[in-house]
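What follows is chain A paired twice: with chain B in the first complex and chain C in the second.
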Partner chain A sequence: MNTRATIKIFQYLVMGVVAIIMFFPILWIITSSFKPLIEFNSYPPSLFPSHLYFENYTQLFLQSKIFIYLRNTLILIVGNTLGTLLSSSIVAYPLARMEFKGRDFIFGIILATMMVPTFVTIVPQYLLFREFGWLDTFLPLIVPAFFAYPYNVFLFRQFYKTIPKELDEAAKIDGCNSWQIFWRIIVPLSRPIFITIGVLSSIFWWNEFFTPLIFIDSENLKPLSVGSYSFSRTMFIIRWDLLMAMSTIMIIPPMILYLFTRRYIMEGVKTTGIK
Partner chain B sequence: MAFKRESIVPYLYLLPWIIGFTLFMGGPIIAAIVISFTKWDLLTPPTWVGLSNFINMFSAGSEFWVILKVTLIFMVFSVIITMCWSLFTALLLNQRVRGTGIFSFFYFAPAVVPLISLTFVFQLMFNKELGIVNYVLSLVGMEGPNWLMDSRLALWVVTVLCIYTYFTGQMMLIFDSALKEVPKELYEAAEIDGANAVNKFFKITIPAISPIFFFNLVTGTINSLNTSFALIYPLTAGGPGQATQVMSLDIYVNAFKNFRMGYASAEAVILFAITAMMSLLQFRLSKKWVHYEA
Partner chain C sequence: MMFKKNTGSKLLQREQRLAYLLLLPTFLVLIVVALYPLGLVFVTSFTDRTFASPREPNYVGFNNYAQLLSMTIRELPPLIDEETGLQAVDQKTGEPLYERPLRVLPREPRRYREVSQFSFFGKRYVLGASDPDFIKAVWDTLVFTVISVLLETILGLGIALVVNSPFKGRGVMRAAMLVPWAVITVVSARMWQWMLAPTRVGVINVILQGLGLGDGNIAFLSQPEWQLPALIMVDVWKTTPFMALLLLAGLQLIPNELYEAARVDGAGSFRQFISITMPLLRPTMAVALVFRTLDALRVFDLFQVMLAQSRYSMASYNYYQLIGNRAMGQASAIGVIIFIFIFIFAVAYIRLLGVKTD
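Entry: the complex of A and B
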C-alpha cells in the first residue's frame, strides 16, 4: 500500500512538472504584462509584478495600432472560416458519398497536398497574386479559402463517412436529388464537424504569421500576429512592458475558445491521425 | 450507389477544389520548377539560365551547403525531440490516475496560442543577464550562456523550443488516442507473465502504436520544415550569422528580401524533393516494420 502511494505521488509530481514547463511561458507573458518597464530589468527576475500595474494596457492602446490589427485579424478569421466551411463541406460530399471515376485518385491527391510545405508554392503564389494586383490586400489571404483547403476537406470527408448510407437511400426513394440529400440530411447531421473546423480555422487565422507577412505591407492591413512583430521591431528600445500586454491580449481569446470548445478541437486534431 | 456512373454531378461538387488545386497548389508546383531554371528579379523580365541556379547551389563553397546542414540538423533533432516529448506527455496522460483531463489542458495550451507571442517571451526568458533560465542555472552555480546569440547554441535552443509548437501538441493528441486504443487485455496478460513496465512498453505499447508512430514521424518531419519559420524567424531571424538559417528562412530571404525568384524557386524544388523523399521512404519502411493487427 505504501509503495503504491509513493508511485502515485511520483506520477503527479512528473505530470505537474511537465504542466509547469508547458504553461510557464504563457503564465510569464500574462503576469509580466502587469509589470512596469523598470521591473523587466530587475534581477533576479520575478514571476509576479511588485504590484498590479495597468498602465501598460492604456499605453499600448495609445501607442500601437492594436485595434486596427485586431480588426484585420477578425476580417481574416471571418473570411477564411466562412470560405472553408462553405467550400470544403461541399467538396468532401462526393468523396464520401458517391462513386465515380477517379475518386480515390483525387482523394489521394488531396491527402498528398496536405504534406506539401507552404514554402514550395509561396513564390509562384506571390507572382500570381501580383499579376492579379492583389498584393497588400486581404484577397490573397481570404480568396483561397473559398476553393477548399485539403485538410478541411479531409476532416469533412471522415465525418460524412460516419453518417449511415441508408439515410441517403431513403431520401432518394422519396425523390431527393443529390443536392437535397446534402442540404437536408448531411449538413444538419454534421453540426459537430462544422463547429470543429470553425474553431480550428479561427484559431489558425488568429495565429497565422507567415502568409500575412508575405502578402501584407501596409501597417493598416496587418493582423495581430504580424502587427505585433512589426511593433516589436519599430521601437527604438524594445518595450517589453507593452509587448507583453499585447501578447496577453493575443493569448486570451484563443485560450477562452480552447476552454469552451476543447472537445471539438481535440476531436478535429486527432482525426488527422486516423486513416 | 445509384448515381449514374458517367454523371458529371460529382465533379461539379469538386469544382471548387479543382480550381483551387490548379491555381494554388498544382500550378504553383509546376511553376516553381519552371522558375527555378530562370533568373528573375521582378524588375526585368525573367531570363532562362538552365541549371545554373542548381549548379551555383551545389558548387563547392556555396552558402547553400551551410543552409542544408542547418536544415538537416534542425529537422532530425526537432523530430527526435518532439516525437519523444509528445510520446512522453501522451504516456503521462494515460496513467491510471485522476485528473489527467486537467493536465492535458495545460499540455496542449501552447499549441492554441500565437507562436509569435511565445517567441517574445522566449527572448525574455533566455536573456543572458536577466533571463529566468540563466537565473535558475545560477542557483546551481552555473553561469548561463547567451543562448540565442551564441552561434553554437542558438540552433539547439530553437530545436528544443519546438515542443511548444502546434505540431507537437497535435502529435501528443494523436499518440494519446492511439494509446487509449491499445487493448487492456494485452497488458493484463503480460502482467500475469510477470512483465515489468519497461517490458510492457517495448513489447506491447510500441508495436501496438507503430502505425501511428510512423504517421507522426512523417508529418512531424514535414511540419518541422514548415512550422520552423514562425518560430525561428522572430527569434533569431536566421542568426547569429547563419547559425539558424533553415531552408524556409532562406527561401523567404531570397525571394522576398533579395528578390532572387529563380534561386528561391530552385531551393523550393529541393525542399519539395526532400519532403517527397521523406514521405516515400518512411511509408516504405513502415510497411516493413509496422504491426497493423493492433
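Entry: the complex of A and C
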C-alpha cells in the first residue's frame, strides 16, 4: 500500500513537470501575443499581459498577407489530403491482397524510396517541373499526391493486412469481383487509417516548409509556413509582438484538429507500421 | 475438375492484370519524383554543372566528392620562444602556443582549412578539410541525430509508461500530450529563438538567472558551444510527444494477461518491465527509431531558421550550396553522400533490431 502511494505521487510529479515543460512555451506565446511590444521588455517578465491588447492582431492583419497565406495553406492541405487518400488507398490494395509476380520486389522498391529525403532529389524535380512550366504554381506540390506517396501506401497496406482474409473469401463466393471487395469491404472497415492519414497529411502540409520554399516565389501563393518566415525576414527589427500573434494563429488549428481526432489516430497508429 | 482449374487461372490472370494496372500510377510517381531524380543527381554529382546557367557542364570525375570529403591530420609544431628556447606561452591565458594551422595545412592540390584541433600524447594536431563547413555539417547532424533521438526515446518511453498506467486525469494528459508536436517547426523555431534571446527579452535567461545559473546573457544561438544543445532541446521538446504516442500504442498492444500471470508468479514491477514490457515493445521501438532517425538526419528547418546559416545541417548545407552558390554538381554530390548515410543507418537498424515489414 505504501509503495503504491509512493508510485502514485511519483506519477503525478512526473506528469506535473512534463506538463509544465510542454505547455509553458505555448502559454507564453499565446499570452505574449496580447501584450504591447513595450511589455515584452519589462523586467521581471510577467506571464500575463497587464490588460488584453488586440492591436498586435490588427497590425498583423494590416501588415502581412496572412489571410492569403492561410488560403494557400488550406488549398495545399485539401488537395494533398484528398489526393493521397484516394490514390494511396487504391494502390495499397493489390500490395496487401492480390497475388502477382514481383509483388514483394515492388513493395521493396516502395519502402526504399521512403528513405530518399526530398532535398536530395529536389534539383532534378525542380528542373523537371520547370520543363512542365509548373514553377510558381501549386501543381508540383499537389499533383504528385494524386499518384500515391510511398509512405502512405505503406501505412494503408499495413492496415489492410489486419483485415481478416475470410471476409474477402466470403464476398468472392457471393460473386464480388476485386473492385467490389475493395469498395464494399476493405474501404468501410478502414475508417481509422483513412482518418489517421488524413490528419497526418493535414498536419504535414500545415507544417511543410521546404518544398513550397523551393517551388513558390510569388507572395500571393506562399503558404503560412513560408509566408511567416519571409514576413519575419522583411522586418528591419524583429517585431516579436507581431510574430507571436502570428504564431498563436498558427498553433491553434492543428491543436483543435488533433483533439477531435485523437481516438482515430491512436487506432490507426496501433494497427499499422507500429506492429 | 479441368474446367474449374481453367477458370481459376483465368481469374488469377485477370487479378494480376488489375494489380499491375492499380500499381501503375505509383510507378509513374516513383519514376518522376524518386528514381529519375536520384539517377540524375548521381550523374550530376560527377560534373561541375551550375544551377540556372547556360554554360555546358564538364565531366569532373570524383572531384566534387574529393572536394567535400578530403581531410588530413597534421601535427602542429610548438612555437619556440627565441629568447628562452622554450615553447612560447600566451601572455594572458598562460596556455602554450603552437604554429598557426594555416601554415601547416597543405595548399596543393586543394587548399585545406582547419576543422578542429586536438591533443594526443602530448602533441598538438590539427584536423583540416578542403570543405570544413561540410565536415562540420555532417558531424553536427550526426551529433544532433544521435543525442536527440536517444533523449526522445528515453523521455518518450517514460511518458508512455506513466500515461499507460491508470491515474486521475489520464485522459486529459493523453490528449494534451501531443500539443507541442502540432506546433509547426518554423513557429516553434521562432518561438524558441525568442525565448532563448540573450537579453532580458529571453525568458529562459531570466528563469536561469532567477535560479542562480548564468549571468542572464547567455547567447544560446550565437555562442558555438550552446548552439547544438539549444537545437537538440527544441527538437526534443517538439518530438518527444510523437515518440510517446508511438510507444504508448505499442504498450497497449501488450496483453494484460501477461502481467497478471507474472504477478501470480511473484514478479515485481521492475522484473515485469525487463521480462515483459521491453521484449514486447521492441518491434514498436524499432519502427519508431527508424522513422525518427531518418527524420533527424534530414533536419532542415530548425537549422535554417534558428541559426540563420551561421552553422549548417547536411540538408541546409545542401540548400546553401544549391541556392546560395548555385553549385549544382557539388550539391548533387552532397545529396548522394547524405543518401548513403541514411541508407547505412536504415540497414543497420533493420539488421540490429530485426524490423519485419509484414
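By definition in this document, the second predicted complex is superposed on the first by the 256 of 275 C-alpha atoms of A that agree within 3 Å, B and C clash if a C-alpha of one lies under 4 Å from a C-alpha of the other, contacts with A are read in each partner's own complex, and residues count from 1 in each chain.
Here is the rule we go by: a contact is a pair of C-beta atoms (placed from the backbone, for glycine too) under 8 Å apart; a residue touches a chain by one contact, two chains touch by 3 or more.
A quick note: this is a predicted structure, and the numbers were derived from the prediction, not measured.
Q: Let's test your reading of the overlay: on chain A, do chain B and chain C clash or fit side by side?
A: Overlaying the two complexes on chain A (C-alpha atoms) leaves chain C and chain B clashing.
Q: Going by the contact rule set out at the top, does A:V91 touch chain B (first), chain C (second), both, or neither?
A: So A:V91 meets both chain B and chain C here.
Q: May I ask you to decide whether A:F119 touches chain B, chain C, both, or neither, giving the answer as first, second, both or neither?
A: A:F119: touches chain B and chain C.
Q: Counting only touches as set out at the top, which of chain B and chain C does A:I26 meet: first, second, both, neither?
A: Both partners, chain B and chain C.
Q: On the A-aligned overlay, A:S232 touches which partner chain: chain B = first, chain C = second, or both, or neither?
A: After superposition on chain A, A:S232 lies in contact with both partners, chain B and chain C.
Q: For A:V78 in the superposed arrangement: first (chain B), second (chain C), both or neither?
A: It touches nothing on chain B or chain C.
Q: Once the shared chain is lined up, is A:I9 touching chain B (first), chain C (second), both, or neither of them?
A: Neither partner.
Q: Determine, under the contact definition given at the top, whether A:A170 touches first (chain B), second (chain C), both, or neither.
A: Neither: A:A170 stays clear of chain B and chain C.
Q: Please identify the positions on chain A that touch both chain B and chain C, taking each partner from its own complex.
A: 8, 11-12, 14-15, 18-19, 22-23, 25-26, 28-29, 40-41, 43-45, 87, 90-91, 93-95, 98-101, 103, 106, 109-110, 113, 115-125, 127-128, 144, 146-148, 150, 153, 178, 203, 206-207, 209-210, 224-225, 228-229, 232, 240, 243-244, 247, 250-251, 254-255, 257-259, 262, 265-266, 269-270, 273-275
Q: Spell out the part of chain B that touches chain A in their complex, as residue ranges.
A: Those residues of chain B that touch chain A are 1-3, 5, 7, 9-11, 13-14, 16-17, 19-21, 23-25, 27-29, 31-32, 35, 42, 88-89, 92, 95, 97, 100, 103, 105-110, 112-118, 120-122, 124-125, 129-132, 135, 163-164, 166, 169-170, 173-174, 176-178, 212, 215-216, 218-219, 222, 225-226, 229-230, 234, 247-248, 251-252, 255-256, 261, 264-265, 268-269, 271-272, 275, 279.
Q: Mind pulling up the chain A residues that touch chain B in the complex?
A: Against chain B, the touching part of chain A is residues 8, 11-12, 14-16, 18-19, 22-23, 25-26, 28-29, 32, 40-45, 87, 90-91, 93-95, 97-101, 103, 106, 109-110, 113, 115-128, 130, 144, 146-148, 150, 153, 165, 168, 172, 178, 203, 206-207, 209-210, 214, 224-225, 228-229, 232, 240, 243-244, 247, 250-251, 254-255, 257-259, 262, 265-266, 269-270, 272-275.
Q: Residues of chain A touching chain C in their complex?
A: It comes out as residues 8, 11-12, 14-15, 18-19, 21-23, 25-26, 28-29, 40-41, 43-45, 87, 90-91, 93-95, 98-101, 103, 106-107, 109-111, 113, 115-125, 127-128, 144, 146-150, 153, 161, 178-179, 203, 206-207, 209-210, 224-225, 228-229, 232, 240, 243-244, 246-247, 250-251, 254-255, 257-259, 262, 265-266, 269-270, 273-275.
Q: Of all residues in chain C, which touch chain A in the complex?
A: That would be residues 12, 15-16, 18-20, 22-23, 25-26, 28-30, 32-38, 40-41, 44, 51, 158-159, 162-163, 165, 167, 169, 173-180, 182-188, 190-192, 194-195, 200-201, 203, 206, 210, 237, 241, 245-246, 248-250, 252-253, 283-284, 287-288, 291, 294, 297-298, 300-301, 305, 315, 318-319, 322, 328, 331-332, 335-336, 338-339, 342-343, 346, 357-358 of chain C.
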